[in-house]
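Each of the next two complexes has chain A plus one more chain, namely chain B in the first and chain C in the second.
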Partner chain A sequence: MLRKRILVVCGTGIATSTVVARKLEEKLEEKGIDIETRQCKVAEVEGMLEKVDLIVATTPVPDNIKVPVVRTLAFLTGIGEDEAIEEITKKLKKRGGNE
Partner chain B sequence: MTFNDIISGLGITVLLPIVIFVLALVFKINSKKAFRSAVFIGIGFIGINLILGYFLNNLAPAAGKMVEFTGVNLPIVDVGWPAAAAIAFAGKVGLFVIPVTVLVNFLMYAFRWTNTINVDVWNYWHFAFTGGLVYALTGNVWLGVFASAINSALVLLLADWTAPAVQEYYKIPGISIPHGFSAAYLPIAIPLNWVLDKLHFDKIKSDPATIRKKWGIFGDPIIIGLALGIVVGFLGNMKDLGSIQAWFNILKLGMSMAGVMYIFPKMVAILMDGLIPISEGVREFMKARASKRKFHIGLDSAILVGDPAAIASAMILVPIAVILMVIIPQNQILLAVDLAVLPFMVVMTIPVTRGNIFKTVIIGTVIIAGGLLVGTNLSPLFTKAAIQAQFNMPSGVTQISSICDGSNPLSWLIVKLMNNGFSIAILIAIFFLFLYFYKKYEKGWGKIAGASKEYLEKSE
Partner chain C sequence: MVFKEIVKEELIFVQKSFKENSDVIKFLSEELRERSFVKESFCDAVLEREKKHPTGLYLGKINVAIPHADIKYVNKPGMAVATLQKPISFRKMDDPTLTIPVHIVFLLALVDPNEYVKFLSSLTRSFSDESFISLIYSLNDTERFVKSIRKMIK
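This part shows the complex of A and B:
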């Protein structure tokens, strides 16, 4: 799979999104998936969508976004991380197929 | 060399990383990760110090000229939550805040006084901040540590209190929000909301999407910075508007402020990055020791801030805050960096008002007005804490504050009560009274924080 770009979104763009970005890099690398993460806050989402394959957010994201969104707190609570990674991997693979 | 000499000599960019490194090892994090984490924290501080210095060096003289020419007396510079957090962690109380907060949480959970396990280590800074103010006030580190402990204990209760409402409204089961800043406004928001309901203001509906479109520009920190810099520059150069250099200065100040608004939080992100392994270590440590009893995982209120009603309310509050800043005579704070942080002020009010933007904005206005007065009042201590934490305060800058924790009513209350033995006893009494009445009327309290009867009954 080509390198995927994930946009990590939270309320401030620096608090929880930093935690999630690091975790994604670590866990997806273990699965052999090459990703590049960018972080932003919710208010900036619409302007940051170029070439983004997936959005992972810890906070609600506007409905009208064309990119698939996974909203999860699993990386913050430590509960359900594996399931979240599964869902993210699935969605990334789907995006890959459409290119 | 005495112990104190070593602490002051090393400075925070070396000391805190050492403390964090040791803590990381205690929580069984592997030494390579722990080392990297520790270094990042030091780097974060260096970055913050750089930006803070740049910010104050650029804005303060312009603000001073503005005062001279317009008589608008706002000599206290709002340095924002990034600076407040850095000052909190960099102070002597900051060195203790992580183990002390974990210990307090652990004990309170064991005594069944709280169901929240606060894994949001980053946000422990709010408690260290209160402690830092008390240390600046009393000169006694242990009183500061005690203040931070009581702050964290009270916030745990506030988190439990709001948990059903927050879980129901934001659809996040199992979570609570022990956030030192967001949770502090609940005791103010609840009675205000009651009054507004009596006035039937809850009948006034507004649509978040429309508000976002119309007011969206107030949500962008870069725009806020640009506008602020240009306005302050303009007012400060009113006498020289004939000269082209004055206009150059105005534009340059606009860019400086826009830059600060964007870069400052990025520096803080470096610091936060360093804290991640510790945060996970604390989380796993507490989860492993939690009994079968249900618990809420305490997280950052940043996970709520995406709510459309919260964003819309915060956007409207930005111009309101600027107006309040000018018209309230006792206020001396020049709002700046923290204009971007208003969503955090209202996130926990939203479940109380059931997402009603109109009511939230009114409550927010009252909170900000009060906050400006509190911030003005706490500014001397805030400034002293910054100097004690060895931050780069350029000469000629008199005072700093922040509308975030510098104006936090809970911090203010604790600081005022830590003044003497008698009032400390009152503070302790407040905690136990809160605990007692909350436990006794848990469901009723949960309802007034915004939860519905059905949800409360379901979670029994």
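This part shows the complex of A and C:
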């Protein structure tokens, strides 16, 4: 797979999303998946979607977004982490790569 | 800044009783404010944030909440913690339409964004350890509480 871009979204776009982004990088790298993360707060999502393959959010994001969304707290609480990684991997594979 | 200095015994309150989640937040904020950790406006900022972006984390048996506010409301880093004799409802971070019973509230007051991320990362990593969470919830002794948490999140 080519490098994927993941937008990590939380309430304020600072601490929580950074924790999640670092964890995602670590976990997906272990799986041999090359990702790049960006972060934002939920109110900014719509303006941040360019070239984004997947959104990983700790909080609900608007329904009308065209990019696939995985809403999970697994990377914050450590609960259900493997399942979340599996779902993310599946969704990323479906997306193909960035040209 | 080492995490040891963020976790202080004077800011740990065990087996407290409150009616609502805003009461816990007000109580812990006041404790932080009295000791000059946070500004006067901190409490309202946390309450406001909790309304828009709740922080209840469902862990299973023992659940937690991590209310916080922007760093501009904070003077020096600290964390006020309350364990609740009777769990109190918080809305879930990942689905604010649902509420969960929360047993431990960690009110974070941090100043440096990098430190914030490191501390939060370390703290939340401890949440996946069910025996650790059960242990700290059962403690009646703030000294042991501080020791356990310092050991866990160094």
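Keep this in mind: the second predicted complex is superposed on the first by the 96 of 99 C-alpha atoms of A that agree within 3 Å, B and C clash if a C-alpha of one lies under 4 Å from a C-alpha of the other, contacts with A are read in each partner's own complex, and residues count from 1 in each chain.
Just so it is clear, contacts are C-beta pairs under 8 Å (C-beta built on N, C-alpha and C of every residue); 3 or more make two chains touch, one makes a residue touch a chain.
Keep in mind it's a predicted model, so treat the numbers as computed, not measured.
When both complexes are overlaid on chain A, chain B and chain C end up clashing with each other. By the touch criterion defined above, A:Met48 lies against neither chain B nor chain C after alignment on the C-alpha atoms of chain A.
By the touch criterion defined above, A:Thr72 lies against chain C but remains apart from chain B after alignment on the C-alpha atoms of chain A.
Of the two partner chains, chain B is the only one that A:Val9 touches; chain C does not reach it. With both structures placed on the common chain, the touch criterion links A:Val61 to chain B but leaves chain C unconnected.
Look at A:Arg22: by the touch rule set out above, it reaches both chain B and chain C. Shared interface residues of chain A (contacting chain B in one complex, chain C in the other): 10-12, 14-16, 18-19, 22, 42, 57-60, 73, 76-79. Listed in rising order, the residues of chain C touching chain A in the complex are 49, 52-53, 57-60, 68, 70, 93-96, 110, 113, 116-117, 120-121, 124-125, 127-129. Only residues 10-12, 14-16, 18-19, 22-23, 42, 57-60, 71-73, 76-79, 81 of chain A touch chain C when the two sit together in their complex. Residues 9-16, 18-19, 22, 39, 41-44, 57-62, 73, 76-79 of chain A touch chain B in their complex. Against chain A, in their complex, chain B makes its touches with residues 119, 122, 170, 172, 174-175, 216, 219-220, 265-266, 268-269, 272-273, 276, 279-280, 283-284, 287, 297, 299-308, 311, 343-344.
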